[in-house]
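There are two complexes below, and they share chain A, which is joined by chain B in the first and by chain C in the second.
For the complex of A and B:
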């Protein structure tokens, strides 16, 4: 992997020296590996195991095979949560990716004040989901909310009951999420933009390319590899949507924003049905994962 | 192209550059859209009761007051939540820094059996949604009577591989000659890490520390699950389940609570901005 390592540590010559070297390496990693195994790797496997059991908050797990998955497939509530979450992924992931890219292009232009704009767009990154949810409940409020006031000035009448109607609640959650997290993608694309060699643009300019042509034929193709991780990370994050919904709607109105993560929360920690919740957790892991595999195949990354 | 033309200028060869003008207009629009919720939150929080619902909205109260903050701190144990958040964030950050710096060194600089597989397993967890971990971690904490402790909130978060990835990447960039010189002087591995790698890794260590701190400060799902007493409850959880619960009429107090939670984070960010940007752009991860 790194040629540095090779010059420093020649492949083990004698048996003892090589074992000693390995021991030192693992001793350095031991504290982290301990945390990693105990709090990440092991729980992940236990989670998969738990999905095949009946498990309450006390007592031992009882193996039930695929019964939990059976229950989920036949549970209207779960199917609804899947459908709602998919709807959210479509509403939020696409703007998060496209807007993240466009914002990066914008703040990469040589404009006065672009650093301030960049900082302002980035600022929501440090705000907790609880505060974001609370503030947007107020902004999206029906009769005195800021958004409806300005939409009213633009002629949108009557005011939209954003969080109160099943049709508009999920779009409202998506708007909140975009405001809150688009900065992550913006920064990643921006880093990619700054890695593009200036000479490429220079030589194209000498050939008389317009700035649109520069964007179309240099910038966009050079950023394509970044999509290989921006898209999966965005999609996974969207599938996991929880805090915004928990704070702003608790899944309502009429279950229209009830997501898979909310389903897991209520099944596990309100009804203490650990097996079914774990099965839902496994499904929540597999859906975005299979999407990622398909996407990376399509992009010929794997 | 004339020599005097500056790239950020609105004028090009003496006439107005409409393309630039449009870009500036979009830039200003973007700044307004992303900045407004902060301003609106703050302005609402210092309004008197009777001005909150005034329509059309007013951007500065006639009589600014901290009444909503007084009410907030009287009605909710905000100070306890703040203290808990601080304790949790400090534990997670310290643990993350120590373990990541130690583990990053061999991963970046040593050859040993199993290196690739260890790296692959750790990196693959980036694609693992944390929800699958909630039930086992919760049951484990309950079993060992650790629920509602700072340990249970703070320690699992330190297993996240983000910081390790960043440290490993950074350690790779440190010149090999320095390390060799140290080895010739008879420095042990630990000595090399302490005398050469750590002093040269200030920015990377700061990035990991700040990122971990902010993520821990804002973490929501796990603390919500594992803590249900004010002795350990953190700010986001307290806000979400008490302040925000069914009080939608009391937007003044709500905005005061959001502002109280947000203002420290915003100040923190403004002081340390560049580390955030570096953290995201090196690893592609949002806190």
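For the complex of A and C:
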């Protein structure tokens, strides 16, 4: 009996230990989970509910069904903001991913002073969006800006009104964004590169692989899980572009940099139309989400 | 010894608590941001806090204008708005309709606030349905600044600034300089494409040509002949080659960098230009159209509806003191007080900057405000949704004809006005 009882008790003890471990893990996660639920998850659910209501902040929401979505689909302004945001995603996301990867390869080389180089490349990331926007307004200034000064030396005349022309304003904002945030991707790729076992490269080199072959057949495939993280994150961040646009152009000229996030901000906090703004927020959430699902399935990550 | 120290500490804490209980706090939200403005305004509030004998302490919060409108709405929705809010008269109707603002006629009588001598149009905007909701403190009309050095270098007389559209254009042409390659190195006028300054200049021209924003039906009237003339003038000014077009929407850095001879903007730039050592002159807005007019807006102080009326009188006393002592913020922020008592204050009359403000005071008589409609912050927004800014910019850039731009502007404004 005693040996049987002991045998039966073992799984019970193991179960209790497992529960205890789970509880400890949840206890550690609790502060973050609390903040996540209160400040992200609940507002997201309230936002979805609000998207089906007419609500001006003051007073009670009134249920209107799909009317807000119908309004958005027929709103030239919203469709234009979608188009502008998609344009920004194309302009910014691809360079952010490719340059982030190339920069990581560069600062991963065993060169003298590479730590300083890494710090310098990463430095813009800690600057606030307001400061970045104002500095780039100066750099891109038409008559006395640094960029036009150097372009002038190369014979580019008349000077380009970067932020004053609809054709150049969005590319100017994309360039600003790339300078500001490419280093975030660089850091993630760098961490990925440092996780690739050196032995793989060594054995490939013994087999006579060139640098390009090492990159093509070892580095890139080994970074697949990193790409599964970086690409959706970058695309989502680009869809949500707001701060730099708000500081640098406020959506102008002629609405050429007017993005979905600014549409939501102005609809919610200038026009106080929370229902329509929430509906736009739901659409803004669904677009990159569907892109991410498609992309992760294509990469066979999910 | 430890016990003695503990008793002393307890007594200090209790006395502190008693002092805090005696003080009456009046929370005040305003939109005068920027380090200089906020700091300057805080010194004015500090003066009130130390001078007043009722133990009232002003607790200010400075927010950018957009944020202020948002925060005012949100705090009102949650039942905790500031006691006093300082914003523009043009926004009063919107917040009265939202039930945020308190009618203050009785409190004006109780505190003895006297608005005699304040321009009639400003008084009208302060009242809704015959009741006062917001007490005006200043006007800040758009007028002409010119760089005296550049004016003299062009052989013009800085003591005779332009008063008509023709004279304005003659000055602009005289100060426009091109290099050997035909590139413009100095502009006559720093008139940006669109932005707030574009809108204010369009407003000025609209009223100078005899137009208005709204028709009798309450909808937009920018399809009028006056609006056509106003926008055509802006388009022609850009096409003439004397205008900088700015760098980015609403940018007027060319005048600041002394690469343009003139700029049309409000009095809040006086401090900045003079402190930077620029040799500037100011003049009343030239008459480009048929009648003199210029854009203006006004800051006013309003009380919000609170759950209890216990602090209303204290709040009104703060408003009264601030209006009567408006000369200091007026000079330092760059706005023109409207109360005669403030305009007669030696701080205003004897200040070294008074000469620059004189044309702004003079232009009060021709100042015209945008309509204080219920949807003012939507229709007259500064952001990317604004049909006014978009279409002024498009016409100035040549991407739309004047007719197309005005038709689209009217459609956009009407859509906002009719939106439930």
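The definition used in the following text is that the second predicted complex is superposed on the first by the 266 of 302 C-alpha atoms of A that agree within 3 Å, B and C clash if a C-alpha of one lies under 4 Å from a C-alpha of the other, contacts with A are read in each partner's own complex, and residues count from 1 in each chain.
The working rule: a contact is a pair of C-beta atoms (placed from the backbone, for glycine too) under 8 Å apart; a residue touches a chain by one contact, two chains touch by 3 or more.
On a predicted model such as this, the values are computed, not experimentally measured, just so you know.
Judged by the touch definition given at the top, the superposed model places A:255 against chain C, while chain B stays out of reach.
In the superposition on chain A, A:55 makes contact with chain B only, while chain C stays out of contact range.
By the touch criterion defined above, A:100 reaches neither chain B nor chain C. Shared-chain residue A:269: touches chain B and chain C both. In the superposition on chain A, contact is made by A:149 with chain B only, not with chain C.
For chain A, the partner with contacts to more residues, out of chain B and chain C, is B. Of the two partner chains placed by the overlay, only chain B lies in contact with A:21; chain C stays clear of it.
Of the two partner chains placed around the shared chain by superposition, chain B and chain C are both touched by A:137.
Applying the stated contact rule after C-alpha superposition, one finds that A:164 touches chain C and leaves chain B untouched. Residues 57, 137, 141, 143-144, 265, 269 of chain A are contacted both by chain B in one complex and by chain C in the other.
Chain A contributes residues 1-2, 4-9, 11, 21-22, 24-26, 28-29, 31-33, 35-36, 38-44, 46-48, 50, 55, 57, 103, 106-107, 109-114, 116-117, 119-131, 133-139, 141, 143-144, 146, 149, 179, 181, 184, 187-188, 190-191, 211, 229-230, 232-233, 236-237, 239-240, 242-243, 246-247, 260-261, 264-265, 268-269, 274, 277-278, 281-282, 284-285, 288-289, 292 to its touches with chain B in the complex. Residue ranges on chain B touching chain A, taken from their complex, read 7-8, 19-20, 23-24, 26-28, 30-31, 33-38, 40-41, 44, 52-57, 95, 98-100, 102-103, 105-116, 118, 121-122, 125-140, 142, 155-156, 158-161, 164, 172, 176, 179-180, 183, 189, 193, 214, 217-218, 220-221, 224-225, 235-237, 239-240, 243-244, 248, 251, 254-255, 257-258, 261-262, 265-266, 268-270, 273, 276-277, 280-282, 284-287. Within the complex, the chain C residues that touch chain A are 66, 69-70, 73-74, 76-77, 98-100, 181, 183, 192-195, 244-249, 251, 253-254, 257, 259, 375, 377-378, 381-385, 389-390, 393-394, 397, 399, 416, 419-420. Contacts from chain A toward chain C in the complex involve residues 54, 56-58, 77, 81, 137, 140-145, 157-158, 161-166, 248-255, 257-258, 262-263, 265-267, 269-273.
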